[in-house]
Structures are given as C-alpha cells and as structure tokens.
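Look at the two complexes coming up: chain A is in both, with chain B in one and chain C in the other.
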Partner chain A sequence: MAAAPETIALVAAPPHQGLWSKAFHKFCRDRAGLVGLWVVVLYAIVALGVWLGLWASDWAEVTGPKWGPVSAEHWFGTNLIGQDIFARALYSTRTAFELGLVVAVLSTFVGAVLGAFAGFFSGGWIDELVLWFMGVIDSIPFYLLVAAIAFSLGDSPYAMYIAMIATFWVGTSRLVRGEVIKLKELEFVEAAHAIGLSEVAIIFRHILPNTFHILLVQATITFVAAIKSEVILSFLGIGIQDGMSWGLMIAESTIEVLAGFFNNFIAASLLMFGLVMAFNMFSDALQDALDPRSVR
Partner chain B sequence: MELLQYTLRKLIAGIPLIFGVTFISFLLMVYFGPDKTYDLLGKNPTEQQIAEIRSELGYDQPFVARYFNYVTELATLNFGRSESTGEKVSDLLARTIPVSLALVTPGFVLGNLFGVLLALFAASRRGSWVDKTIMGCSAVGMSISFLIAIIAFQLVFSSSYGLGWFPVRGWNIHSPLDYLRYVTVPTLATVFVALGYNTRFYRAVIVEELSRDHVRTAKAFGVSPAKILSVHVLKNCAIPIITRVVFSIPFIVISGSLLLETYFGIPGVGKVAFDAITTGNQPVLKAVVGLTAVLFVLAQILTDILYRVADPRVSLN
Partner chain C sequence: MLEVRDLAVEFDTEHGRVRAVNNVSFSVNAGEVVGLVGESGCGKTVTGLSLLGLVPSPPGKVVHGEILLDGDDLLKLDEAGMRRIRGSEVSMIFQEPMTALNPVLTVGYQMTEVLRLHKSLSQRQARHAAIDMLGIVGIPAPSKRIDEYPHEMSGGMRQRVMIAMALSCGPKLLIADEPTTALDVTTQAQVLDEIVRLQHQFEMAVILITHDLGVVAQTCQRALVMYCGELVEAAPINSLFASPLHPYTQGLIGSIPRIREHKIERLPVIEGMVPDIAALPDGCHFADRCNRVQADCHERSPVLTPSADAGAVACWHPLEPQHD
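Moving on to the complex of A and B:
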C-alpha cells in the first residue's frame, strides 16, 4: 500500500498521456478529419430532423408535375410521378443513418465478443470454431449470401440487415482476436486471474474495454460499407423493401437517365457521395489518431 | 515431393471450409428455402397428391440425406432444370460463364496492374504533391458506388447525351472489334472503382516495405531507385499482392458481373443469377451460390500453394 501514491504520481506525470487524450489532440490537428466529422454531424442533423418530422415528411406525396424542372419550390425537380426529389433525397438520409447505425453497432458487437473469445482461448476449440466460421463467411460472396438469406426468409425486409451483420462482423473479429492474443499476456490480465476473477468477467471487464479503439474505427468502416452495399442491393431488388433510400432512387433513375432526365440520379449520388466521403475522411483520421504505433 | 505433401495437406485442411460453405448454402436455399409443394399442385389437392409431390421434391427425406443430395449435386454438377426456362442448369452455366469471364477479366487485370503501378509511383514520391494527388483521387474513388460509376460511364461514353462512342447496352459479338466495342465501357467502370481501393492498399504495402533495412542498405550501396522498386520492393510485396488479388475475386468478379450484366443487359452468369434472385429460381440460385463458394475456397488453397512456390520462407505448417 505504501507504493500507491508513487504509482499515482507516475500515471499523472505530464509525458504519460493516455491513448485517448493523445488521440483527441492528434485528431484535432487533422484538418481533413475535422471537416469529415462536421459534414457527418450535418448529415446526422438532417437525419434527426426527418426522424422528428421537421422536414421531408411529404416525400411520398405527389406535389408537382411529371419530371418537373429545378425550381424554388422543387430544388432538385420532381420525378416520374411528380414527387419532390429533394424531399426524397433528404428522407433517404434517415434511412442511411438507421441502416448504418444498426449494422455498425450490432456487427461490431458480434465481432468484438466472438473475436475476444477466440483470442482469449486461442488454440482451443472455441478459437477453431470461430476461425472456421469466419473462413466460411468470407468464402461466400457477399451479394450471393444476401440473395440466399433473402431467399430463405421469403423477401423479409430484415434480410439485408441480417446479411450485412452476418458478413461485416468478420473483419472486426479478426482484428480483435489478434489484439486480444497480445493483451492476454499482459500483467493486468495475470493480476485479474490471480484475484480469482472468472474468465468471462476478465474478457468483458478487462480485455474488451482495451480493444475499444479498434471497435470505434471498425464501426465507422462498417457504417460506410453498409450504406454503399445498400445502393447495390436495392438496385438488385434485395435491399430496402419499404420507405425510400438513395439506392432505390438510383434504381428508379436507371430508367430515367436514358430518357435524358438526370435529377434523381444526381441528387441521390451527390448526397450519398458526400456522406461516404466525409465518413471515410473521419474514419481515416480516427485510425491515424488511435494508432498506438504512430509517433506523435 | 515436399510441395506435393504440402498441397495434399492444404487440400485436406480445406475440407472443413468446403463443408461449411456447402452446409450454409444448403441450409439457406434448400432446407429453409420456400416450400415448392403447392406451386406444383393443382387446386384442391388430395393428401396423396401432396405426399407424392413432397417425395418427388425430396422433402420427406431426413436432414442428412437431403444435405448429402445437395453435395452430390454440386460434385456432379447436376442441378436439374431451371424453373423459368426448363434449360438444364449445367448447360446454362456452361453457356454463360465464358461470357462473364470475357466481360470481367480485362477490368480485373487492369485494375490490379494500374493499382500497383500508381501505388509504386505514389510511394516512391512519398509526401510530395504527386503522392497527395494520387491518394486524394483514390479517396474520392473509394467513396463512389460501383453502381453510380457504371451509370455515369454509360452516360458519358455510350449515350446520346454524352460522347456516344460505344453501344448503350447488349453483347453482340462476332469479331474481336465487336468485343472491344462492348467491353470497353464496363471495363472503364470496373477499373475506376477498383483503382480507389487497390492503389490505397498497395501503397500501404509498398511504403512499409520501403522502410525496411534491406532497402536502406541497397540505397547506401547506390542501387538505382528504379531497380530498388522493381527488384527489392516489388518481389517482397508479392505475398500481400497475391492475397489481395485472390480476395478481390468475389468483389470484382461476382458483384462486377452481377451489376455490369444486369445494367448493360449482357447474357452472362451474373444476369442469370440476378434473374434467379428476382424470380426465386431455386435450382439456378443454389448452383450459383454453392459453386462460387466452393470455387473460392479452392482458389484460397491454390493461393497458399502459390505462396509456397513464390516464397520458400513460408512455413510448411
């Protein structure tokens, strides 16, 4: 007990900054990352406004002529049946955030837990089983897996969510497994063993919190992957089933572009590009800031 | 001899994986797939008619027997007939797979080749404006959806609103010149999308290799930069590059053929798969999903063996 004040003094000494405060300072100096973060926040506000019914609640109503031009009333014109394209594109922001958040949170959670168990018991049967399962998921091409899941669920609206979570956890899980294999050899885990904590408690209370920097970056990567996959799946007819999304708008626009009407295509593509680009910039900066190997 | 042993061991190690992918495709598409009994029956069927159809479809057999049947179908390439056209599924695949390969291969090869070249160029001028421009373009490319790129390239190069140089859609090939006319726009879209991811990945690999001791030694001995890149760096990057190429097969080849063929109306295996997805054509779907998964596992095993050939340091275990 006599050594305790000394230990605290060491931890509190200025050069020993924690990973998180160091990462925060580094992130604040990354201009591209900050721009990305602010753009993402802007999109999030738009999505929240749609969710609260502040704007774009008339996305499904016919408010103008067929293929109306760009005007003060319809900022991006109207579509084939006279619905306002701007309202539909805004409403799709909400769809994108719902999808991105649900898939990112759940697949990161599954990846973290399975990866932590595999890493903690590396070499044992749990590890073998998880590794085998990851290999199997990796070997079935993503779009075909979604098609197969949609087929077995009989076109359920959840097929896309289930398929994305079933696929995207693998990347996170591999990283977490590798990190846990390193972590479990460290002293604090040994100490936790010594005071008689159960293995499950050690994994959840002491090991998983130390992989949080990986999980955060992986969640942002998964968010982007989910939004990008949605566009392709909706075009293939196995994506969003009801509501409106950028993918459905682009699928709708494939008939229109060859007739010389581009507003639907441009609106959905630009909004989607903006969010994905901003999220990528944010994610890159986060990854740089949280990388313990980086010097400053 | 050692290589043969290694090959055999890798093949045996691949068995659990092949079991896994066939089992999951069996569960999803055959066991939990939609019940076809009533589609094949007339109105007001009798108990006996229902039982007959169910036994014809194999629904009355035990789980293990049905899985075994599915694996036999995969191994013998005998999937029955397509529900929509009545064509034998194996004939359908034999007719459409070559079209897809002809469509996707140029984009796949060029996307990886240009990716490595751009990455070498960027990495060798690390931190300069050339590097920053290339990496900036790659970040933009990564943020553009494949589907959007396809639509945009078609508009610019094929439609009457753009340059109108190439056919808008279709696949009507009688000569090598026709092939070039139809394959160019899909290839441009594929290369555009693949370059974003590839350049970034390959640059990271090359930058890491450039910081190794042996590269510094070579520099100190006055070896020319071009020789360092081509001999000392690229050769050591072979393994991550091969891995990348193999693991991008599902991304480029499968999603590429699905999207490109659907959008451009090209009669390849991707279009067949798309039609099977939208109409719920089980014999075709289970053939496509099962076969691609098994082929991909085999491709991974082949890669492991290639590593062994390329780099003798790779451990035999």
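Moving on to the complex of A and C:
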C-alpha cells in the first residue's frame, strides 16, 4: 500500500524534469539522506544567523569567570579567560560554512573546467599539461603545501583557502576527465560539431552539463574535506588566522584538557562531528540518487 | 551543386596508415536524392563526414581531393569558415536518434542553439522558428513538446527532432547517415517519407548513406555503390536495379530477401570476406570474391568509367547492360 502514493507522485511530477526529478524522488525515499540534509540545513541557518549578526556576536568578549561551568547563562560554560564557549562554537559554524562553500565551489569549478578540457583534448598537449599538474600536486604532501603557501603569502588568512583549492580540484578533475572522455565519443557531441558549434561551446554547453551529477557529489565531498582539514590545520597553527573555528577551539583546549576542563574540546568536537556526519549522509544519499546504475 | 573530386581519406591505426576512402569522385545536383550504399566499413560514413570536415583528426586526415560546394572548395576553408557551413549550408543527421540529442538539454534549447548560431534571431524568434520547424516535421503539439527532454520522446520522434534541427537553417545539402537503421520498420517508413517530403518542400539535395538497398530503391534517384573505400558503381536507380553492371552490385541486389517466383533453399550470398583495408590486394579489391574474375583483375586496378544509361562502373569485365 505504501507504494501507491509514490507511484502517483511519480506520474504527477511535471513531465519535463526528467533525470533530476527521478533523482529527487529517489533521494526523498532515503531516510538517512533526509536526516542528513535537515541537519545540514539547521547548521546553515545557524551560520547565516551568525553572518547576519543575530547571535554569537559576542564570541570574543569576556562575559564570565575563568572556566565557568555549564549554566543557563553560559550553555557550554566559559573558557580559560571567561569567553562563552557556546557563542564561540556557533561562530565557528559560520567559519566552517564559509570555508566549506568557498573551497567546494571554487575547487569544483577549477576541477570541472580543467578536467573537461583535458578529457575533450585527451592525448593532446592540454591533457598532458593538466595531467602533469595533477601529478605534481598529488606528489606534494598536503600539510607541507599549506605551510609553504602560508609562508609565501606571509601568514595571509587566504593561505589555507588557496592551498585547499589548489589541492582539492585534482580529485574532481580526474573524475570529470574520465567522464568527458566517455561523453565526447557519443553522437550528440558529433551532432553538436555538425551544427557548427565551436569546441569551447561544445565543452561548456553540451559536455559539462552532462557531468553535473558528478560535480554535485564532488562538491559535497570537498565541503566535508575542507572542514576536516581546517580543524587539523588550525590545530597546527597554519589554518584560520583571525576569527574563531572549531580547530582553534580544539587547539585552545589542549592546555585545558590537561587541567581537567573538557568543555571547549567537547563542544567543538561534537559540533564538527554533527556537521561532518550529516554532510556525509547527505552526500552518500545524493550519490545513490544521482547514480543511474544503482537500483532504486 | 556538390562536386567531389578524387577524395582520399587516411587513418593512422596500429597497423599503419590505412586509406579508408580512395579517389572517390561524384556529384550531387540540387534537389537530388543520392544513395551512398555499401557494407559496414566501406567508407561511406567517412565520405559523409569529410563533406562537413568532421573526419576525426587525429587519427584521420583528408589526404587529397576537392569538395566543391557551388564552386567553393570546402577543404580549403579554415575551421571557422567550416563552422559557418555546418548546420546552415550542409547539415547532417545521424544513425542513433537515442544518443544524437543531448540528454540533459531540452529539445527547445538544442533547436534554438542552431538557429541562433547561424541566423541573427532573438531568443523569442528562434523559439517560434523552432516550434514551426517541429510542426513541419510532423511532431504533434510542438509548442508543448519543445520544452521536453529527449528521453521523453520515442525514437521516431527524436529522429524527427534531429531532422528539424538539421533543416532549420534551410541547408542546400542534407547528409543523412543511416537515418532509419535504429528505428523499427513502421517508423522507418514514416521517417523516410518525411525526408522525401521535406526534400521537395525545401528543394535541397540529400545524400542518403545506408546499407539498405530497399531504402535506396524507395527514396533515391541515383545510387553510388562503395566497396573497400572506392566507388565501384554509380547509376540511376532504375538501371541499377534492373541491370547492375558491377558484379558486387549484382551480388548485393541478389542477396536482398524478397518474395520470389521460385522457392529457393538459401538466400544468395557474396562468397568470401571483405578484405582488410590495411592489407588490400593488388588489382581489383573485389577480385577474390568475384564470380567473373579473370587473370588481369588481380593485376590492374579498375577505374570508374562512364557506361550507358548515365552510369559509371569500375570493373574490367562488367555485366552486359540489359534492356527490356
């Protein structure tokens, strides 16, 4: 009986949504994916609120005693110098989203364009060049690269962003390149040539739209990777330079944990865990929904 | 209108350089439907692609020849010049309507793209023109269907969309590469009728590439028969079917399944295999399979020579023309 309303929904769906509406319906049947999505949306609202100045704007101010306990005023207690840990954890959500979005969008864009050109001209010099770049970046240890970029930019707050974008595009690019090599042999590409389109127009208008499902999944994976890397980099002191982040909170807590005060550590870890976990669930469900080969 | 002279196309393969099309010459008059017939791999598709400068390069290359469209040599044009010809002066439709339309773009997007590329139309004008064109090729409710994706249409419908796209800029020449092979027989007949009707309506020439002689008999005025990258016979349809001159053509016609007066045990076949074009035999390429072969066939390559009935044949010992 449960299948009946779904069938009706499928039939009633506007006829010209096609591939995406199919994926959408498949996604809607994935419980874990939906839970993940709602948690991510919740985080996004928190981040947006911080950005608009609705809450957590007092994250840097000393509002309580040193190492204050959990209370109605300070939900997660206060830290070493009496700053509210809850406000700091919320503010860090904004940092995480900013980083995740910027890195995911830009590295996916770079990866898509370079991968598409390499795949379309596979075997040619553009392909050789892009593959060489990928090899070079793959061969440099990530944290070393960040440190090197941070040094060369003189501790710029953008060092970590640049290092992540410069590294994370490679994975997307390899996937897109492979897909494009497959796509360019299809007849619609030949047909696009036959109507007189230029190669650049064919790549951007006809081939790249056929890789959107890959790009979407890759963007969510990159988002999570960026947030996780930020924590480690900030902990090492080469991540976020100004502002607050979960990584900086954990770095801060190293002294506190020794003194038996765990609030900072637990708050940052839990919030990060929640977002990463939810995003992974969302990303998995998205991948399943968009994969034409997977069984519903 | 179209004149092809001594066209030769080569491909670099693992087995060295292979000549896929060798010294092919033919012409197509305005408003004429010409069939290009042959087995798989005989070079008919490559010939079609080279007319549009679409031979995949590398590994392919047009080695020599001239392709004159109203007197202008297309092979001398640069890529930008060629792009202006494609889709406006010369269009092409492909074998697989299932894959020849981009699955993630609407029919409307793909149709207006051609129109806007070659004609200075606004988005609205292009959309109107596209809807008109879909109506002309016989798609019901074109103003609704224009917003659909290819997967929402049947094979015959998609092929009609392809035809609509190909014709939307009013080309002088349409190259149809096995346009009906992927369709079922009923749809095949409809699409062929449609092509013939539109050919009259738009007064364009059509080169119909096919391996199906039945299709040629139904639609073409003239046929060119290719074997191993060479033209072996060219003739008007009536004389080609009534009295083929080349033994290969005779074999092809003989092997068509049909209703016969006398019961036969087996369908006649052409004995032997198509030779590997990387290692073609000397002399006539068909000699090893020919039932009229003589000693000199293995030594000298025949050239296409005009025959009676406005045809031409490349054979040292052609069949006698029959008149009845």
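Convention: the second predicted complex is superposed on the first by the 279 of 296 C-alpha atoms of A that agree within 3 Å, B and C clash if a C-alpha of one lies under 4 Å from a C-alpha of the other, contacts with A are read in each partner's own complex, and residues count from 1 in each chain.
Just so we're on the same page, a residue touches a chain if its C-beta (ideal position, glycine included) is under 8 Å from a C-beta of that chain, and two chains touch if they have at least 3 such contacts.
If you're wondering where the values come from, they're calculated on a predicted model, not measured in any experiment.
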item: Superposition on chain A - do chain B and chain C clash or fit; value: fit
item: Which superposed partner A:260 touches (first chain B, second chain C, both, neither); value: first
item: Touched chain A residues, chain B compared with chain C; value: B
item: Partner chain(s) touched by A:152 [first = chain B, second = chain C, both, neither]; value: first
item: Partner chain(s) touched by A:143 [first = chain B, second = chain C, both, neither]; value: first
item: Contacts of A:53 with chain B and chain C, given as first, second, both or neither; value: neither
item: Smallest distance from any CA atom of chain C to any CA atom of chain B, in Å, after fitting; value: 14
item: Chain B to chain A touching residues, read off their complex; value: 16-17, 20-21, 24-25, 27-29, 32-34, 139-140, 142-148, 151-152, 154-155, 159, 161, 168, 247, 250-251, 254-255, 258-259, 262-263, 273-274, 277-278, 280, 282, 285, 288-289, 292-293, 296-297, 300
item: Interfacial residue positions of chain C with respect to chain A in the complex; value: 52, 54, 82-88, 91-92, 94-96, 99-106, 113-114, 117-118, 147-149, 151-152, 162, 165-166
item: Residues of chain A defined as touching chain C within the complex; value: 15-16, 18-19, 186-188, 190-198, 205-206, 209-210, 212
item: Parts of chain A lying in touch with chain B, wherever the complex brings them together; value: 132-133, 135-136, 138-145, 147-152, 154, 228, 231-232, 235-238, 247, 250, 253-254, 257-258, 260, 262, 265, 269, 272-273, 276-277, 280-281, 284
